[in-house]
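Letters A, B, C and D name the chains as they come in the text, with residue numbers starting at 1 for each one.
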Amino acid sequence: MAVRVAVAGASGYAGGELLRLLLTHPEVEIGALTGNSNAGQRLGALQPHLLPLAGRVLEPTAPEVLAGHDVVFLALPHGQSAAVAEQLGPDVLVIDMGADFRLTDAAAWERFYGSPHAGTWPYGLPELPGGRAALEGSKRVAVPGCYPTAVSLALCPAYAAGLAGPEAVIVAASGTSGAGKAPKPHLLGSEVMGSMSPYGVGGVHRHTPEMIQNLGAAAGEPVTVSFTPTLAPMSRGILATCTAAARPGVTAESLRAAYEKAYADEPFVHLLPEGQWPATASVHGSNAVVVQVAHDTAADRIIAISAIDNLTKGTAGGAVQSMNIALGLDETTGLTTIGVAP
Amino acid sequence: MAVRVAVAGASGYAGGELLRLLLTHPEVEIGALTGNSNAGQRLGALQPHLLPLAGRVLEPTAPEVLAGHDVVFLALPHGQSAAVAEQLGPDVLVIDMGADFRLTDAAAWERFYGSPHAGTWPYGLPELPGGRAALEGSKRVAVPGCYPTAVSLALCPAYAAGLAGPEAVIVAASGTSGAGKAPKPHLLGSEVMGSMSPYGVGGVHRHTPEMIQNLGAAAGEPVTVSFTPTLAPMSRGILATCTAAARPGVTAESLRAAYEKAYADEPFVHLLPEGQWPATASVHGSNAVVVQVAHDTAADRIIAISAIDNLTKGTAGGAVQSMNIALGLDETTGLTTIGVAP
Amino acid sequence: MAVRVAVAGASGYAGGELLRLLLTHPEVEIGALTGNSNAGQRLGALQPHLLPLAGRVLEPTAPEVLAGHDVVFLALPHGQSAAVAEQLGPDVLVIDMGADFRLTDAAAWERFYGSPHAGTWPYGLPELPGGRAALEGSKRVAVPGCYPTAVSLALCPAYAAGLAGPEAVIVAASGTSGAGKAPKPHLLGSEVMGSMSPYGVGGVHRHTPEMIQNLGAAAGEPVTVSFTPTLAPMSRGILATCTAAARPGVTAESLRAAYEKAYADEPFVHLLPEGQWPATASVHGSNAVVVQVAHDTAADRIIAISAIDNLTKGTAGGAVQSMNIALGLDETTGLTTIGVAP
Amino acid sequence: MAVRVAVAGASGYAGGELLRLLLTHPEVEIGALTGNSNAGQRLGALQPHLLPLAGRVLEPTAPEVLAGHDVVFLALPHGQSAAVAEQLGPDVLVIDMGADFRLTDAAAWERFYGSPHAGTWPYGLPELPGGRAALEGSKRVAVPGCYPTAVSLALCPAYAAGLAGPEAVIVAASGTSGAGKAPKPHLLGSEVMGSMSPYGVGGVHRHTPEMIQNLGAAAGEPVTVSFTPTLAPMSRGILATCTAAARPGVTAESLRAAYEKAYADEPFVHLLPEGQWPATASVHGSNAVVVQVAHDTAADRIIAISAIDNLTKGTAGGAVQSMNIALGLDETTGLTTIGVAP
């Protein structure tokens, strides 16, 4: 019997990507699709790439609309998920694609988001140590941020193996879909095409505490994170360049061994052959994470680089992967490691 | 039992896209993959987005390599398909993604390609009148060109309904993957980003006689085609703007009725709601064709516009669709109308 | 003594491009810069590429601010120019970069713009027959639209020489800056990158009557125009593909002769050598128009293609060129035919 | 009397950009233009954006062709400059836009380039301490690499003021023109559009020793550099994100004061107002360097970010700036801080 799924926030990029994936998920039946400002509009006008759903009409994000589903995905602005989740009952699987329930540190939440902390849900990054167990059978899932997904999967094996020093320096480039669909002047095509620019510099990006949480857990000790996000002239993709001082005795071989061990059985994380480096084009539309790591011997630093699709593995694909685990389905159902390139 | 498929020319863009589709085709087992200059290389180095095939190694394009398959796709440079096809035997389904067997007019072939005409195979555009019947059970298929696919599906309903005058004027924009993977200076990223440019102007593009063939067949009389292709700063997609004089009595209603009738039951061709126009992003990676038509009353012309993905419906998706028909499978197996956007 | 210039609407793309050019114009002193919603802001925040003006602050668009200048450029939304111009007095050179005063046909204005016609000013396309004379000493100039600039310069020589039939079919691709800086969802980088899409299809684009006006004047008889604009994934540039039936007796030689004669002495219009076709990258940031023409003998049509920078020759460069003529300066002062490429 | 200038290597991107600048340099007369594989071709076919030079024909790079000029710019592949320079005589100003004479450390040269060190010429980055003095009256200039230009101007003030620790971590994104015009598969538009990818990871990029040289000189002690370059989907521009540990006592104020002091009188380096960050679009085609710096207090690191146009300030503009100084002209002659945006 099909799993009946509702999507709250179906008009944005996260919601659209989720529907793209759910349309080919063999166990899922797509139920209510909601939006607020867009309620009443045809999905064909809002998400013209989803032709099989073109005739569907968005409903308001209301309890009676979301009722009666096995799974409800929330693709809402920050701060709105808790109120909706409360109305859904404990037996519904609620998967929050926003930030509200990602952080365990309430103080960090309040510092970065400026509002009371809503709580902490099981964290939807199964590739982290203990990650799958936390999700199995859970009725609540907090989907990780896109940058923390890319960064954690690039660096955690080095931290878990005790190879990396506690001060991570990370620069990541993201496609513009990461900034959402609300029209803002600096996101106009005229502005972003042909331009690279940083934003949220100096430790103020809201994904920073989530990286600190994940890397620290892997390291078993506090890790500081210097994180600089940049906006790249492309629609999708994150390339995360992550470095940390090498601990004494680190070699190219010990590094590679740690990553091979960490990812040997992971269906979505692919450690590339030596000498080949990730490109975001390779994972366009796929749930794969491609990773490579090197030891810069002159600077004595570890350089770990990952590429993901920010909307797929970084948001909606990660959400589906967690749904699969929570429901006891095969983790890879409805997901792919095949990118759309060139 | 799985259909065993070989791909000759697996390192290029057409071959890569074909493999992307075949990987999710439930009836297919991917057999030999060949290349000439790239024989011996890992596919992971050549097509890094196809992670499930990353470890496969290209073999030479030789009869003994291609033997023992049910279907052989040829993604070879023009003029090389006939020699390979001859060696494959009459019981193998051979699908030529090149131009060699598309034209019925040998003189047109020789004028545009400058070499002897190899022959004519059943033409793989099932949406044309009589198109499916020609493919059912066939052991040879000529996959249409990407531009003729977009143009024919935009204009044939108008011609078939007797609404359009016999002089078509067409301007199409294509992504750069249509020009292939062989490195040439004018195809460098530095050259194409931020630039639109025409090429093959003045009726010399090799896809012109194929359009003349298709539009003339639909019209039941000769049609002339003024075709100007342009190179757009994007990897994929064709937007074809096709116009012809309106015959006396044409109205917006008669036009729309003709297109609705033509495409009511087509699984891949979607006539958009009135007022919505095609965008190539909507069909990125999908086998869909989105079409819209209007009557410019002041100029008294029909404007029909289509968008396709040149590599999917325009090449490899069209090839798989024809394979499905030739093998008696459901025509949509392994194909989608869901695009990857934004 | 320097010409003192004010710019009303300095925060948008047209105003920004105008300032870019005026900054290197040797006869000009930049005076008041105004905006409405942006009044009070630093230009450095709005136009960060204009470093020499970074500290300037926008003032409101008010008569007392614009008073005391020799030249006032209006880069305002449609319909606002007349009221501002009236307050400026007859001795001030007023150059309207909007549409308000371009059309001679009041009925066409009202049909396309839905408001009363404000009047007709000398038309700032000096390359048209009689174009310069109309501008010399004038105190009012209507700057042409970007598409009409590209299209008129591509086709007028064929019409003026009696070589082209009276039904023009035009498809043009424009960079996104032509759509302005006001944030709208379909202009987001995520939407436009990787996508080509048409808009204003079927004769409804407001630049159509301006093309009809210019081509008809060149032909000496009415010309109908089928015009389809498309949005291309680039910030700047227009590529206009313009076709018309060839009149009996037209040859490649007669066509070329007509264009050579028309543009032999033009400082900004360059007829390319035979076989070379325009690319928008060549004119990025330059005031040049590159043109090529061919005779498609099979379809018996003339294909004339031009490339311009929509913001330079298509808007602000054309405006400066007209200012130079109106003031009796050398027409090329402060302008260049050197593009910024790649 | 005009300075007569020859350009060896006029068909590539560096040579083309140099000609773009020299065309508007009021003191320069453009003499011989040479190429090797392209000798005999019209510049209009190779650099179609340089319309005023379209009719010029490339000559071979030979001593008799380069003779008789006051200045010779070398835009040649690595390793070829020394042989050409030797033939030019000591009174000719020779400006090498390649790497051959940049490094003072012969061992570093041999390690990174694998060939004997040709020597060291005065280094063309006047904004470095003592930089101008080294260039005044010099007859030989080594133009810095594009990445070292961006990185050195971002970080040297922090090092010179003793604020930054000796381990710099740098991630930079470059437009594709930095990789040159020779066609290679990974530089095709189809490959680079929509993709970010790293290269030369792990300390192996040849610009690394040049950064070590510059940062170490500013610091007065050895500095290690972890440098990761990435290829961005744009034609031009470098965004360099440069970080180093903050020395004890560093504050936002002390950092800003150091940068304000360093760049107060620099004509091309602009420290942005607090809170505004560099974007490469702002410097497209300009010789400006826009810089911002922050103190990430949680990670206790300095984050300095610069944007340049890799072809202008990063190559040809820097070369012209050094020429101006060497010849005793005003340093800004023929150069601009106005970018072409959007």
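In this text, contacts are C-beta pairs under 8 Å (C-beta built on N, C-alpha and C of every residue); 3 or more make two chains touch, one makes a residue touch a chain.
By chain, UniProt protein names: A, B, C, D = N-acetyl-gamma-glutamyl-phosphate reductase.
Every value quoted in this text rests on a predicted model; they were computed, and no experiment measured them.
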Comparison of A-D and C-D (more C-beta pairs in contact): A-D
Most widely separated chain from chain D, with each centre as the mean of CA atoms: B
Euclidean distance of C-alpha centroids - chain A vs chain D, Å: 37
Where chain C touches two or more other chains, by residue: 13, 175, 177, 188, 190-191, 193-194, 233-236, 279, 281, 284, 342
For the chain A and chain C complex, residues of the former touching the latter: 13, 175-177, 179, 181, 183-185, 187-194, 233-235
Contact footprint of chain A on chain B as seen in their complex: 13, 16, 20, 23-24, 42, 44-45, 47-52, 54, 177, 193-194, 235-236, 270, 272-273, 276, 279, 281-286, 288, 290, 336-342
Chain B to chain C touching residues, read off their complex: 167, 169, 171, 173, 175, 188, 190-191, 193-199, 201-203, 208, 224-226, 228, 230, 232-237, 239, 241, 243, 245, 277-281, 284, 292, 294-301, 303, 305, 307, 342
